[in-house]
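First comes the structure, then the notes that go with it.
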Amino acid sequence: MEAPAILVRDLVKRFPNQAHNVLENVSFSVAAGECVALLGPSGCGKTTLLRLLMGIEAPTSGTLVVEESLRSRLAYVFQEPRLVPWRTTLENVLLPFELTGSLTAETRELAVARLRELGLGERLAHFPRELSGGMQMRVALARALVTRPRVLLLDEPFAALDERTRFRLEDLLLELRAEYDLQYVFVTHSIAEAVYLGDRVLLLNNQGRLHADERVSLPPRDQDLKLQPEFNRYVRALSQSFHALEVTA
Amino acid sequence: MEAPAILVRDLVKRFPNQAHNVLENVSFSVAAGECVALLGPSGCGKTTLLRLLMGIEAPTSGTLVVEESLRSRLAYVFQEPRLVPWRTTLENVLLPFELTGSLTAETRELAVARLRELGLGERLAHFPRELSGGMQMRVALARALVTRPRVLLLDEPFAALDERTRFRLEDLLLELRAEYDLQYVFVTHSIAEAVYLGDRVLLLNNQGRLHADERVSLPPRDQDLKLQPEFNRYVRALSQSFHALEVTA
Amino acid sequence: MKLRERLPAWIFLFVLLVVWELSVSRGLVPDYLLPAPSGIWATAVELRAELWVATLSTFSSILWGLIASAVIGVTAAVCFFVVPILRRAILPFCVFFQTVPIIAIAPLLVIWFGFGETTVRASAFIVSVFPILANTLTGLEETDPLLRELFRLYRPSRLKTILKLQLPSAIPYVLAGLRIAVGLATIGAIVGEFIAGGGLGALIDSALTQQRTDLVFGGVLASTLLALVLVIGIDLLSRLLMGRRPYMRSSSR
Amino acid sequence: MKLRERLPAWIFLFVLLVVWELSVSRGLVPDYLLPAPSGIWATAVELRAELWVATLSTFSSILWGLIASAVIGVTAAVCFFVVPILRRAILPFCVFFQTVPIIAIAPLLVIWFGFGETTVRASAFIVSVFPILANTLTGLEETDPLLRELFRLYRPSRLKTILKLQLPSAIPYVLAGLRIAVGLATIGAIVGEFIAGGGLGALIDSALTQQRTDLVFGGVLASTLLALVLVIGIDLLSRLLMGRRPYMRSSSR
Amino acid sequence: EADPAPLRLALNWKAEPQFGGFYAADVVGHFAANGLEVEIIEGGSGAPTIQVVGAQQVEYAIVAADEIVISHDRGAGNVVALFAVYQINPQAIMVHKSRGFKGIEDVMKNDGTLLWQGGLPYAQFLSRKYAPVRVRTAPYLGGIGNFQNDPTISQQCFATSEPLTAARAGLEVDTFMIADSGYNPYTTVLVTTRDRLASHPDEVKRVVAAVRAGWESYLADPSATNAAMSQINKAMDAATFRDSAAVQVPMIRPEGLEQLGRMTSERWALLVQQLTELKVIRKAVNPDGLFVNLE
């Protein structure tokens, strides 16, 4: 078998001034090409896990390996937009190119195209404070997508979006996956979204342990699928797992 | 009939450097005690409308009247947590009291109780950067609730929360409504949430016009209601209205 | 720069002058210590040619010193920021520049730069570089940690991060530093001219020995005016920079 | 304050001293202009008693001046911030304090405050108040607009907003201003002592006339040391304040 | 009649032999013998003693004669001279012996750099007298650092001070007295205000008597007072105190002087005339209003 894209073993994370471990012996592996959804109650450690995968945070103990060839092709979307306030929409999206020294006429066109796709074609010259919350989040998404990553880590990317925009972007993500050699790990609070976008759904509990690791086998996704009984079976099962978790402290 | 709690007539809002009006001739009125949900595509002007109601933004033209006795009893929850970074959770929630000079042992206890209810009992002494996104949002919620407002304006307050916490907080809001003389206007991207929490649902379109104004007549809410066919009829109807809107620019 | 904005300053100036004039003419302050504005004005008019030449020469020295301070101060701050060991090694000793009375190192300055403008410029530079350095350094260090984290994702070179993140967000600090440096460069130039001659400094110096307080204050006021012009210039620069782009604190709405 | 952190400074100091000593002993710089460290040290040891007394007296004047600057500078900044018309009226003239050579207003100072410590303290205050004022004002004005909006919701009194929002977020600016003011207060005290006598200033002044460059530099180094001690004090204060609470830029994660 | 608070005497420089007599009056006890308690306040560079005494911040002060004339011209006609320490102005120009100059005229009329305070009346006097001058002038800030470093530099000095420092540094110098050029105002002059003179005539008399006695003691034997002063002024070493005290004697007590500190109307009138010619003063100043000789 191929080497896994991501291998996590006995991962423990504790912040210096916290009483308990945030993540407790988390182990899983992600195969090449596989897409994973992360679910769990608020404050259980989803963001922390994603940050560990990205290498923003260092583990307290345990192993975490991202496959060699992917390591430099990771992209991250923070839970909040995190735009540079003195840069316009377009400049914010061009930032990765400027920082890696790969700003060309071509990459600039790519950025404009992505922003158009995300419904921001008329906002290229606006500063972040002139954008709505959902628009800001879409800019952040564009910033992650333009770098053509192989692995995309997304922290609740669609939480601030209306259903319709959200569905459109879900499908955009699926398209990108099909078109490029892209896989993603994403945090969401929507179980339906987890099932719709994930090949697997990981459920973390409040103690920071992996409570469930469900494989989703569904036909090629389109939004109609959400109305099918098989889809809803998955959603209901996960919902039950979720409700079986201990109450939030 | 009683004077309406909120009266909005021919409201127009345009930002100096924008090409189009953000809100275009919006008119509606909210009766005393009535709770309203605001729906609409990302960037259509929901936040702007809420800010106008709160008085943070001034209308370009049109009338906007909040009933005399309510005017000083408004509370607002921003779309992002907006916590003071150098204040702990508890201090952030006590801020309104400190600023209005009404900090007492009693109000402090109230704040602690609210934070407990919101699952933050063990985070009182943490700084915002040590909290997860959902926790931060809950702190912001607590900050708005402790002042015992008569009208609560909420901008996507539960978007960053998992389903279970979200449901609990929805029910908390309903309890508060029943217990105190509280009404609320809230923005959400979840149609189900709009139907569950709202007596009325306002739907804005991309041109900033009021596209629909649906009255919701349902029995006293509890989470089981969401499984009932009447509930889903509303959801489906609104969904259809939503999908009938023009595509986001 | 609108009239209405400047009005309070003019009114205050007017009141100040009236109170000053009256308290001297009523004998509350002896006029050989603090001459009346009318007296200063008369002297200034009488010696306008000399004052004008002196003012121009001092202005050029201030400007030189200030530009050198800005360039070297910001550059040094960036160096200290990039190489923390340099910062820890050298920064403490930079305080020396601030605490050494120029007059104590005057002979050294004269030997290195001669009797003339260069010494004056050096003096203006020496006293005004530290505020810019210190403020810029604080600005570089006080960037939003969230943005810092964002930038790190792209593993940019240190230089790129500084150019695109730290320097832009240090702009308010740099401007505040410049505002402080203006006054210091002015006094530095005046003191430099005490040492090397020329300009308003020499004028004030000899007026002091001759007890020509009217001329002393004429010279001092001319130098204050210079500083004011520069402060207004920096305010304009600051509006230009901050008006075009929000180099402000918060990284998200 | 760990040894490792201070090490580069000590090493740099050592290198500096060695280079200095060598360049004097090799005759690159005449020792009557810049005496060798060994010579300065010998003089300092010889006159340690006097140096010590003078240093203590200067230190107390610096501290007084600095505290007055901090209190009055921050207060004035708050006043200017609260009453913008005051700001526009008076701030431009504050630059006068920075540009006036102390020597030009020395007679006034001496007449108002007499020969002695008070004049020295006043001089230290005059030269060091502006950086604190200017920086604090910038800090007050550069608060996060998002938080400003939040505070406005509760219609707090101006004072409350300043105490709970603007002042906390101006802390990095105030600290940077203090760091700049330390050096200036030191030079202000020294120059004040040139005129009013006492402390290191008088010592340096008479040593200058006597061409006792060793003593001049002994005095200058003592004053630099004073400033260093104060800078370290402010660093500690800054760590204390910033370490306990994140008075940083961004209002949300 | 004696005041309970000590009288204050403000010097325009540090404790050095040029003030030896004042310290001697204290050390030897002449102030006490006259029923006086006097606090001597050291001054520094730019210490504004004339203004301070004019504003009655102190009762007595040390100033230069030309300062008194200028202050009368500037409307502060309150200050009156009581006792002139230096009958011969100790100000001088110091040059490197290697230049081979014979006098001030050579300094002014040859190349080189002259460091002096251009605002000083004698600087203007010399510039006028030897116009057109050839030497380049630059400000003087004290010390001999630049002088030492460059043999083409000449500088202003006090005959009692810098030449000794230069000699100690191993330099060969010539010193030309300004007085020889015709400008010779009294220097290190004890002053008070006319008001004080009118209100406390007896006290002023006793102060002058004590100062005179102090100078007599100091000229006779400076060693005890020098020792006391060297405790105050650490920058000057014992040898310099001794040499300086010795050098200044003929300037304080030139041949033919009947009484220490005594001033003449003619010399004050000449000074007023010279300053008028130099346009340093504009008003008509009455020389006899500038001083009193008290027995």
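Residue numbering begins at 1 within each chain, and the chains themselves are lettered A, B, C, D and E in the order written.
Definition applied: a contact is a pair of C-beta atoms (placed from the backbone, for glycine too) under 8 Å apart; a residue touches a chain by one contact, two chains touch by 3 or more.
All of these numbers come straight from a predicted model, not from anything done at the bench.
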Path length in the contact graph (subunit A to subunit C, fewest steps): 1
At the subunit C/subunit D interface, shared numbers over all numbers used: above half (same) or below half (different)? same
Measuring between Cα centroids, which chain is at the maximum distance from subunit A? E
Does D-E or C-E have the larger number of C-beta pairs in contact? D-E
Centre to centre, by mean C-alpha position, how many angstrom separate subunit C and subunit E? 38
How far is the middle of subunit B from the middle of subunit C, if each middle is the mean of its Cα atoms, in Å? 51
Provide the C-alpha centroid distance between subunit A and subunit E, rounded to the nearest whole angstrom. 86
Using the touch definition from the top, which residues of subunit A touch two or more other chains? 79-80, 129, 131, 133
Multi-chain contact residues (two or more partners), subunit D: 33, 103, 107, 111, 145-147, 169, 194, 208, 248, 250-253
For subunit E, residue numbers touching 2 or more other chains are 46, 51, 55, 141-143, 145, 149
Considering only the defined contacts, which subunit C positions touch subunit E in the complex? 30-33, 103, 106-107, 110-111, 115, 194-197, 202, 205-211, 213
Under the touch definition given earlier, write down the residues of subunit E that touch subunit C in their complex. 46, 50-51, 54-55, 67, 70-71, 74-76, 113, 117-121, 136-139, 141-143, 145-146, 149, 280
Residues of subunit A touching subunit C in the complex: 54, 56, 75-76, 78, 80-87, 95-96, 98-101, 127-129, 131, 133, 136
Write out the stretch or stretches of subunit C touching subunit A in their complex. 146-147, 149-156, 160-161, 164-165, 168-169, 245-248, 250-253
Subunit A to subunit B touching residues, read off their complex: 15, 17-19, 39-43, 47, 79-80, 119, 121-122, 130-135, 138, 155-156, 159-166, 189-191, 239, 242-243, 245, 248-249
